[in-house]
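Chain nomenclature is as follows: A, B and C, assigned in order of appearance, with residue numbering initiated at 1 for each chain independently.
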Amino acid sequence: MGSTERTKKRVQLWKKAIVHFSLCFVMGFFTGFAPTGKDSIFSSNIHVTNSSKNSDYRFSPQPVEMVQQKTSVVNRSLIADAPLLAEEKEEDHSQRQRNEEGKQRQPKLKQRKLIIIVTPTSTKDKFEGVLLRRLANTIRLVPPPLLWIVVEGQSDSNQVSEVLRKTGIMYRHLVFKENFTDSAAEMDHQRNVALKHIEHHKLSGIVHFAGLSNIYDLGFFDELRQIEVFGTWPMALLAANKKKVIIEGPVCDSSQVIGWHLRKMNNNETDSKPPIDISSFGFNSSILWDPERWGRTSSVQSTSQNSIKFVKQVVFEDETEIKGIPPEDCSKIMLWRLHTKDL
Amino acid sequence: MKLSALQQSYMNRRSNSFRGSAPLDSSADGSVKSPAAIFWLVLHGLCCLISLVLGFRFSRLVFFFLFSTSSSNLYPMPFRSTAELGGGALDIRSTPSNLEFPVNKTSIGSSSSRVVVGRHGIRIRPWPHPNPIEVMKAHQIIDRVQREQRQQFGVKSPKTVIAVTPTYVRTFQALHMTGLMHSLMLVPYDVVWIVVEAGGVTNETASILTKSGLRTIHIGLKERMPNSWEGRHRLEARMRLRALRTVREEKLDGIVVFADDSNMHSMELFDEIQNVKWFGAVSVGILAHSGDSESSESIIEKKDDEQNLPMPVQGPACNSSNMLIGWHTFNSLPYVGKSAVNIDDRGTVLPRKLEWAGFVLNSRIVWKNAEDKPEWVKDLDTLGGIGGDMESPLVLLKDPSMVEPLGSCGRQVLLWWLRVEARFDSKFPPRWIIDPPLEVTVPSKRTPWPDAPPELPTNENVVLGIQEHAVKHPTKTRTSRSKRRSKRKHDTRTVDTQVASKHSEQI
Amino acid sequence: MRSWIRVLALLTFLAFAWAISADHNVRTERISGSAGDVLEDNPVGRLKVYVYELPSKYNKKILQKDPRCLTHMFAAEIFMHRFLLSSPVRTSNPEEADWFYTPIYTTCDLTPTGLPLPFKSPRMMRSAIQLISSNWPYWNRTEGADHFFVVPHDFGACFHYQEEKAIERGILPLLQRATLVQTFGQRNHVCLKEGSITIPPFAPPQKMQAHLIPQETPRSIFVYFRGLFYDVNNDPEGGYYARGARAAVWENFKNNPLFDISTEHPTTYYEDMQRAIFCLCPLGWAPWSPRLVEAVVFGCIPVIIADDIVLPFADAIPWEEIGVYVAEEDVPNLDTILTSIPPEVILRKQRLLANPSMKRAMMFPQPAQPGDAFHQILNGLARKLPHKKHVYLKPGEKILNWTAGPVGDLKPW
């Protein structure tokens, strides 16, 4: 062997050694990125064993949030290596797995739109408690998600909260302090309080005003969920000892509103009484807090303190958006209101 | 020193005719290995380990360097930070201006404290929310929790609830029945709903019953519902007896409740009646109303004292030691001369002395042969003669003192009684489907809502509405407009909003 | 080459395995220690406490000046004193005492708005210690190692309401050897001394009792929280208060119908908690809040959002079993985290919470009941017995530096 060959061999050997060392270094480097601390090593190990156990999930794509959680585990282990956290991490991990399982189960879960039902009540109403219970029995049967916003004036009576509490419905009980002598103005204020709540929380769903004396067919709520922007429907107003049934609401050609049944046929527009009942329409709540989405300037919203007024204005101006329900010519009555003197 | 030794070992190995291609694969022919080679091997391994450890340390350093300054780097998603946020302000604006985290955390204090004090980012996730799937999952959890609560605290081994409802087709049937149906659907126990219909079984009623999804027994009775309240009560009592006979024939086991279609129920009632042994009574709140929406003067007069009166209650009366001592009955004295005799009368519809709705009974009481059936019960067959007075279910008993008062001995009102009906000749669309479509009374784009604040229509409104309606109905200009707009052949029918029904013969 | 890698992998694996097994022992030990049955321990007979008689200016007179101290969340210092006075563990013979208690109400100095500002507390504490060390021989025997002090304020014996200042100050030098009974619990914090007993904040027992509703009331709120999200007055920038966690709760979940969160306290606050499944217990300026107590008493699963929090009586209450921990940085995922807990786990947590011993341990009732927070404090003190030999100083030995600390603290009270 020539000396050149020898040196070549030597260089090769050195190269090999250096390659090994650097390989080891890199290996060490990467092990360093594994969670530190005994506990975290433990948890990472658990992770390995668990995931191999549930090999079905191993290859399922992880949701984005989950990836994030994984990284956060590492970070947390840096902050503290308390044994408590180890357990938490393990929990975290099992949660992640459950989540994956959940994701797999997801097709079974039917997504539904949120329904927001607004009900003003008043202690001046003698039958408040009874009617509230009846309405609650109906609302309880509506499949979730549903949020019932019950608005009440401040009073010493806790009847409303007691009735609501026992229903098991997801509700918000809003109480306002203002005093009213005019019951119509009070109702209006109550609805505005509810709308403010929706606006403040940016709740997204279909808003419907349900008076205490309303009676519903359960199918109504399914139809309500179909509303995109605005929906309206006929309702029957019933009164004791009357020969007639009054029907109010839209007249439709399929779901297109082409006219209105009105209680009053006055020709003069100056009439101050509203011809359409507040309960005969529903709307997407996002119009309250995201008017731009509906092609409206937000200035309208900020200037109007009266949310109800605003909503009506929107409907008035954008009638093409109104959808009549049920879509079959709005011909089915699914909402009745009972009028008696005391009810 | 080391290096030279290493060099040396390499030389040695080379001279030991090591295969150059696999200089490290020495284990195979270990016999040839010289101690120097082993030494080299160990040394090599040692160096490898050292570099491993070095690498590890280095990576930790890098790690610390990276993340002790900012934890945000760990987030692949950019979290926005909200700089100026008003606490209770209505519109909290978040400024998406700085996508980076504010990282002016100051680690203060002695070396023993690793607590980071100072300003932290407000993490706002960029993806949409709330996730509808998670919302559904949460509702599943809530449902599960509520079921568990019922299981844990609710009635153990509950009995079937047998609801007995007399009904007939009329304007108010749909809403009354729907209200009752919803209550029954909510009952967390098995329910059998026996509906007895006057005038024979109709599709009208059947279609409501199918919606309930409950086990129903629909019985038709040839007799029509009479128009006097008195006659109605009589017929209803017989209808209930008819249902009890079904209970007897089919040996239905459970608790019978007399649920009229216009009753309103608190859900606690259905828990409370599970406590009944044989024959129980509950208090019924009477929603007495004048059924009158026009004679305004007398109403105003009455209003004041009515406001102060508590809601009249019918039911068992107990003494302080919770023993049944008598009955609270409805005091009809203030209504003398004002009460309604016929269904169309404007006057207060009064309840009987004791309404059936206020009683519950163990269904075995009406069975032909039931074990330990109490002796103080009459047989069902002895009742229900044509002239027999069936004022209340108390007639079933030989000894009315055996009644068990329920609902904190009658102190709790768990259901309410209401009678409100339209006139007997009132028309309504069959199944409440408006067909043919009503006339367009006001065209679209005209008057959905004026600017005036909305208002719950008061009674006067309704009255006014109806009157004016009849008068001012034919408004030709509008209908023509609507035609133009819709460009449809929408004939201007002069049908009233009150719907002409093909249904009248069924009533 | 390959074999080398194999060998290395084996080596690393072995190292890992060793680490795991070591860790595993710690874990099981900890779990067995918090089995929950310790809550039933009766401290009577296991320790004796001597209560120093101090002039009323250290306690009763302070309370007279401001009776609001009886109801705020730091009232434990007052009720602990009252409890000990009539407790059977109290001894009148200091010679047989295991622990010495100094009745001093350091937190009872409220602003008109009801917030305590413990500026005078260090001087007051110093004065009290000076008094007991000159009148009795027991302090000097151990320099406080067998003494305990109730210091329920935000940062315990650091005696400052701002965390940064509190850390700067550190625990009052004179209390460095004493055992502290405090609400404050933040791991690795200068103000949390090792061996301290972490207690729940005071919540009014009668008031909570009065608002109890039947347990069968259906729980229809998924997540409940009432309180501040932003402390605009003290933290106009945002991000300091609650380390941004509360603000994150609001910003991410205000629009989620499952989250019943608001700043407004309704009159039905206690009732609402009883019909909620999860109650958020995020940190505020300090890591704990009275919500923790309320959640446990009302059977609502506490969602603890406070990194490295040390929870009350953590050695006796299995917090991991009854609550849910969410890291502050995971707040944006709160909905995912909570909805992915299996219902069985939720039901189990609820069952554990329903255990009355858990609720009792969170309360300072009047009169005291067996197993209540007073008894848990005594249990904690009893578990520290007997004192180690080395706490007793040799004659003439001095460890404490009476002149340490800020000059302001050294002024007479």
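Worth pointing out:
Operating definition for what follows: contacts are C-beta pairs under 8 Å (C-beta built on N, C-alpha and C of every residue); 3 or more make two chains touch, one makes a residue touch a chain.
Keep in mind that what you see is a predicted model, and the values were worked out from it rather than measured.
Farthest chain from chain A, judged by C-alpha centroids: C.
Top-ranked chain pair, ordered by C-beta pairs in contact, is A-B. Here the spacing of chain B and chain C, counted between their Cα centres, is 41 Å. Between the Cα centres of chain A and chain C there is a gap of 36 Å. Inter-chain spacing, taken between the CA centroids of chain A and chain B, is 17 Å. Multi-chain contact residues of chain B (touching two or more other chains): 24, 48-49, 52, 71, 75, 114, 135, 137, 140, 142, 146. Residue positions of chain A touching 2 or more other chains, listed in rising order: 20, 23-24, 27, 31, 65, 68, 72, 75, 79-80, 102, 114, 145, 166-168, 170, 200.
Counting only residues that touch two or more partner chains, chain C has 1, 4, 8, 188, 217-218, 220, 222, 255, 257-258, 308, 329, 333, 336, 340-341. Chain A meets chain B in the complex at residues 9-10, 12-13, 16-17, 20-33, 36, 64-65, 67-68, 71-72, 74-75, 78-80, 102, 106, 109-112, 114, 126-127, 130-131, 133-134, 137-138, 140-141, 144-145, 166-168, 170, 183-185, 187-188, 191, 196, 199-200, 211, 215-219, 234, 236-248, 250-253, 257-267, 269, 271-278, 306, 308-309, 312-313, 315-316, 319, 322, 329-334, 336, 338-343. Within the complex, the chain A residues that touch chain C are 20, 23-24, 27, 31, 38-39, 41-42, 45, 65, 68-69, 72, 75-76, 79-80, 82-84, 86-88, 91, 95, 98-99, 102, 114, 145, 147, 158, 161, 165-173, 175, 200-205. Residues 1, 4-5, 8, 12, 16, 19-20, 22-24, 26-27, 30, 187-188, 213, 217-218, 220-222, 254-255, 257-258, 260, 266-268, 271, 275, 307-308, 320, 325, 327, 329-330, 333, 336-337, 340-342 of chain C are the ones touching chain A in the complex. Chain B makes touch with chain C in their complex at residues 24-25, 27, 45, 48-49, 52, 71, 75, 79, 81-88, 92, 94, 102, 106, 108-110, 112-115, 117-125, 129-131, 134-135, 137-138, 140-142, 144-146, 148-150, 152-154. Residues 1, 3-4, 7-8, 11, 163-164, 167-168, 170, 186, 188-190, 214-220, 222, 228-232, 237-240, 243-245, 247-248, 250-253, 255-258, 263, 277, 308, 328-329, 331-333, 335-336, 338-341, 343, 346-347, 350 of chain C touch chain B in their complex.
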